[in-house]
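Worksheet: one structure, shown below.
First chain written, first letter: the chains are A, B, C and D, and each begins at residue 1.
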Amino acid sequence: MCECGKSQDMLIPQVGIITGITQETPDVKTFRVNAPGGGKLFEHMPGQCAMVCVPGVSEGMFSITSSPTNKEYMEFSIKKCGILTEQLHSLQVGDQITVRGPYGNNFPVETEFKGKNLLFIAGGIGLAPLRSVINYCIDNRENYGRIDVLYGSRSADDLVKLKEIQEVWQNVPNMNVYLTIDREQEGWDGHVGFVPAYLKEIGFTTDCIGITCGPPIMIKFVLQGLKELGFTDEQIYTTLELRMKCGIGKCGRCNIGSKYVCKDGPVFRFDEIDELPNEY
Amino acid sequence: MPMNENNEFKPLIVAFCCNWCSYAGADLAGSSRLTYPENVKIIRVPCSGRVNPMFILRAFERGADGVIICGCHPGDCHYSTGNYYARRRMALLFSMLEYMGIENGRTRVEWCSAAEGAKFSKTMNEFCEKIASLGENVRLGDLRCKN
Amino acid sequence: MQELKNRLIQLISDGTVARVIGWKKGDMPYNPEPACFSTVEELEDFVYDGFCGANLSKMMIEVANLEGKTAVCLKPCDTYSFNQLIREHRVNRENAYIIGVGCRGKLDIEKARKAGIKGIEAIEGVGIEGEGDVTFKTIYGDKAMAYSELLLDRCHVCKGKDHMVYDEVIGESKDTADSDRFDDVKKIEAMSSAEKFAYFQNELSKCIRCNACRNVCPACSCRKCVFDNTKFDSQQRANVDSFEEKMFHIIRAFHVAGRCTDCGECSRVCPQGIPLHLFNRKFIKDIDDFYGEFQAGKDPEAQSPLTDFTFEDLEPKQAVGRGEN
Amino acid sequence: MYTISKDNLNSLYAKIASSYDLFMPIKKAGQTNYGFWNEDAEADIETLKTVKSGKDAFFPQVETLYNVNKTIIPADVAASDDAEKAADTPIKTKLEVVPGKFVDQDFVIFGMKPCDVRGIEVMDNVFLKDFVDNYYKSRREHGIVVSLACHAPEESCFCTVFGIDPADPSKSVADVATWIVDDKLVWKPLTEKGEALTAVVKDLLTDDSAVDSKVDAEITSITEISKKLPYANLSLEDWGAGKTDEKFNDETWSKIYQGCLGCGTCTFVCPTCQCYDIKDYTTKNGIQRYRCWDSCMYSDFTLMAGGQNRPTQLQRFRQRFMHKLVYYPTNNDGMYMCVGCGRCVEKCPQSKNVVKVIKAFENKK
């Protein structure tokens, strides 16, 4: 394996090659990244992020979508919304980018989550960081209890990784997947409605840990919904996202209160978030 | 510093040409088999009035040795008045560059119509000679663009 | 100053205005800060003295859309900037109650520091009325300097004591001009090309790209500055000691050419003391020379020279080399 | 302790510069800033405060992190065996990351005031904790700090509030402490690095034990002056670790931020501000990736494609001061991220500064 980037410095990236691109939805692509000699650039834990850079354009923090149990490659699911992501979407298989990482903390899959029932609630591209955890839990199925996934999106076309959900996740023992879309759509016979409403409709019991990620407004109402169902702050995890540059808690951009999201996050338990000033 | 086969300095020239007159003039120069140096890089703009002073400074920053703006003759602008505004802007900018200590002659405005292929080629030849005599643009360039 | 303060209190208490933009007493004798007052109690801290150099007209952009009228204290030279903002539809004249405040020149504390005055505890003689020297009481002893010696550079080329736009004027003003506005520009114009370059290189290499000159400028009122454009790889905050600073300063001055009223705020705020007005004034001088005398902000209806033209304008090649034959 | 006559300082600089890069206050176009000394430079150790602090020595305003060289590979080469290894996908543009250079030569920072030296300690806590920043670390390891006592503190100084002694640099983390006493510079090495530097310039120094009492007198004099300064009694009681909720939600911010231009003057002259931006610059053959100082006061500091979390100047203003006076102390055992150098007091275009912020909350009580 390439040792060149076993970083003399956390700020120096490694060159990665895009070895596969999947168009997930009209504006989301999943990029498969390998080291130039094959294999992975580095190991990570579920929930951790990496700085992906198109040299000459910009660099951005993206959560690693693939599970650490995948030993062949890393994946990033990226939604087109800004300058960098637009450039990334124009890349083709074989193009080179630079990647550095992994950064941040991870979901406590080996500690707090172990042996527990897990409830994942995701909206839109918010599935990206959770997919890493979900696949990790599936690959270590014996370590976890029941797994529920509630995933919603604007429309059926905007559901990321739909194929994997239908072909793999729905066949995992003791795992339930609930899908929903915001508005009625032809050819969709599943549930229609917003994620927080569906959450209350299903009425999950509080014997599990809630893990949520999605647009801020969804997180807000999911939190309310979970509270109504009787969940406590200590039972809920989410990820925060702010502008980041260095990834190691120095450049000051992602600073909220005494925390740096890139270093102390992105995974936070809700009681930790409550202690932060209201600036996220 | 770019050199030609005779080891002479070969300046890099950026020419902003308006779509309606000067670009067509350059075209005519080409189809009339009139020559002008190949180190003149033409950038087509809709009108000489489109040329933001920053374009000129950016061209210098990134390694140009001379910048020339070509537009329709005053009175002939496709948009009737674009080149009049350009004329005022460039007058002020060129005066400022002189004031900052940039050699006179690195910048130029020339009006050139679609029928003036010969003038276009002559202007470019003259301008290249002038820049070659001034030498490399050191004062406005950015070192980082050289390596 | 008491008269001005009383009038402001009156305006607020009788509901003529909802807020006042003025200066708040600093914690040092020389650092009053621009502030917005909305109650009579807050106005207790109002101050107006020789150190109130800040041009408050730009603050009116932000409050222009708030409910109620806003009173703003403008010195004669600030009213040019305000007029220019009216011209550009950035402020609402109807919502502004302009108090033309008297001015006998504003002071620059850096001038005192340059003269070796430090450890200042109190300063006397900087009031808005009065004559005579300024006395500094310092922990190293008392020192005195003439008021005129302490004036900001811009006050030496004062545009005059008349307010261009106002609802009422309180206090006397004085024309403090004692030198020609274009003297410095002419001095540089007379240098050789290499000397000019060396001069600006020396000055501009001090630039730390803090953007204070841009942010304070009443003419720089774009919602998003071109230097904040993320699609542009010239970085607004990187001091790279090469062409970038020069480009930044040329473009900054160019973007306000024909609109700059020569209020001198850019030079006042520069932490490195770069004479930034030299760029703006060069454009003003050229505009005067090429297209006829023009003072931005004098007349809110006047056409700006760069959005205007005549058929007989001079050619760009005539604009350069005028010093030579 | 050693001494050298003030008239002889230029030969001292020359001597140091013959073995090291000498970074010291230099007067240029009327302003004194840190810069590299050479024979044409006008050294100025009389000016109390350089405009920019000396933090440039360890954390320069612009620094290249690495270069990315781009090589375009023609299509036929791209299909060769070499590329096949890369998971059967052809390479079109080959990237090569060339890390920037670390400082590997010792250099001297001369004339740093005790407040700026504390500024280094503040930055150490950021750059050398958790993830070590090797660019900073290499500079710290190779930098030899010569600190100079503040002969005549000015009214904007309030370093004593943070427990800094402007009179005695030997209490700081500097390598050499110096004082100006009468017409002499007193030189006292404090560390091994300082001893090494002393050995280099030994020929120029005189061993002078008689000067000790004069230094003591100078220390007493400076201490007395700093007690008289207007900010000497500033109280920080209200600030520090764990005050986040109380201070963050305070109404006072909405009053005191007004007039803030959102420029970066305070940030760039500050000896402790260390936020930075990482940017690309397209060079002739690739990309230079550099970092440069950034300011949390800028409107685009936290701007992302999807908006930003501090959209108003009020929030940005609050962030800067909360970071200095609350967040940083929370993470660093109560150490403040301000050293009382007073540069922001002197330089803010709108006369806003950290002292006014502290006082605004004090007056409220």
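The working rule: a contact is a pair of C-beta atoms (placed from the backbone, for glycine too) under 8 Å apart; a residue touches a chain by one contact, two chains touch by 3 or more.
Model, not experiment: these values are computed from the prediction.
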| item | value |
| --- | --- |
| Of all other chains, the one whose Cα centre sits farthest from chain C | A |
| Higher-contact pair (C-beta pairs counted), A-D versus B-D | A-D |
| Central chain (distance from its CA mean to the mean of all protein CA atoms) | D |
| Rounded Å distance between chain A and chain C, as computed from the means of their C-alpha atoms | 51 |
| Chain centre separation (chain B, chain C; CA means) in Å | 36 |
| Distance from the mean Cα position of chain D to that of chain B, given in whole angstrom | 44 |
| Residue list for chain D, restricted to those that touch at least two other chains | 277, 280-282, 294, 303 |
| Contacts with 2+ other chains: residues of chain C | 230, 233, 240 |
| Per-residue multi-chain contacts in chain A, two or more chains | 56, 58, 83 |
| Chain C-touching residues of chain D, taken from the complex the two chains share | 28-31, 33, 48, 51-52, 61-62, 152-156, 225, 228-230, 258-259, 261-265, 267-269, 277, 279-282, 290, 292-295, 298-300, 303, 345, 347, 349-352, 355-356, 359 |
| Contacting residues of chain B [partner chain D, same complex] | 63, 144-147 |
| Chain D partner contacts - residues on chain A that touch it in the complex | 5, 8-15, 17-19, 34, 36-38, 55-59, 73, 81-85, 92-98, 241-243, 245-246, 248-258, 263, 275, 277-280 |
| Interfacial residue positions of chain C with respect to chain B in the complex | 185, 188-189, 191, 193-201, 226, 234, 240, 242-244, 246-247, 250-251, 253-254, 257, 279, 282-283, 286-287, 290-291, 305-309, 311, 313-321 |
| Complex interface listing, chain C residues touching chain D | 26-28, 31-36, 54, 59, 118-121, 138-140, 202-203, 205-206, 208-212, 214-216, 228, 230, 233, 235, 237-240, 268-269, 271-274 |
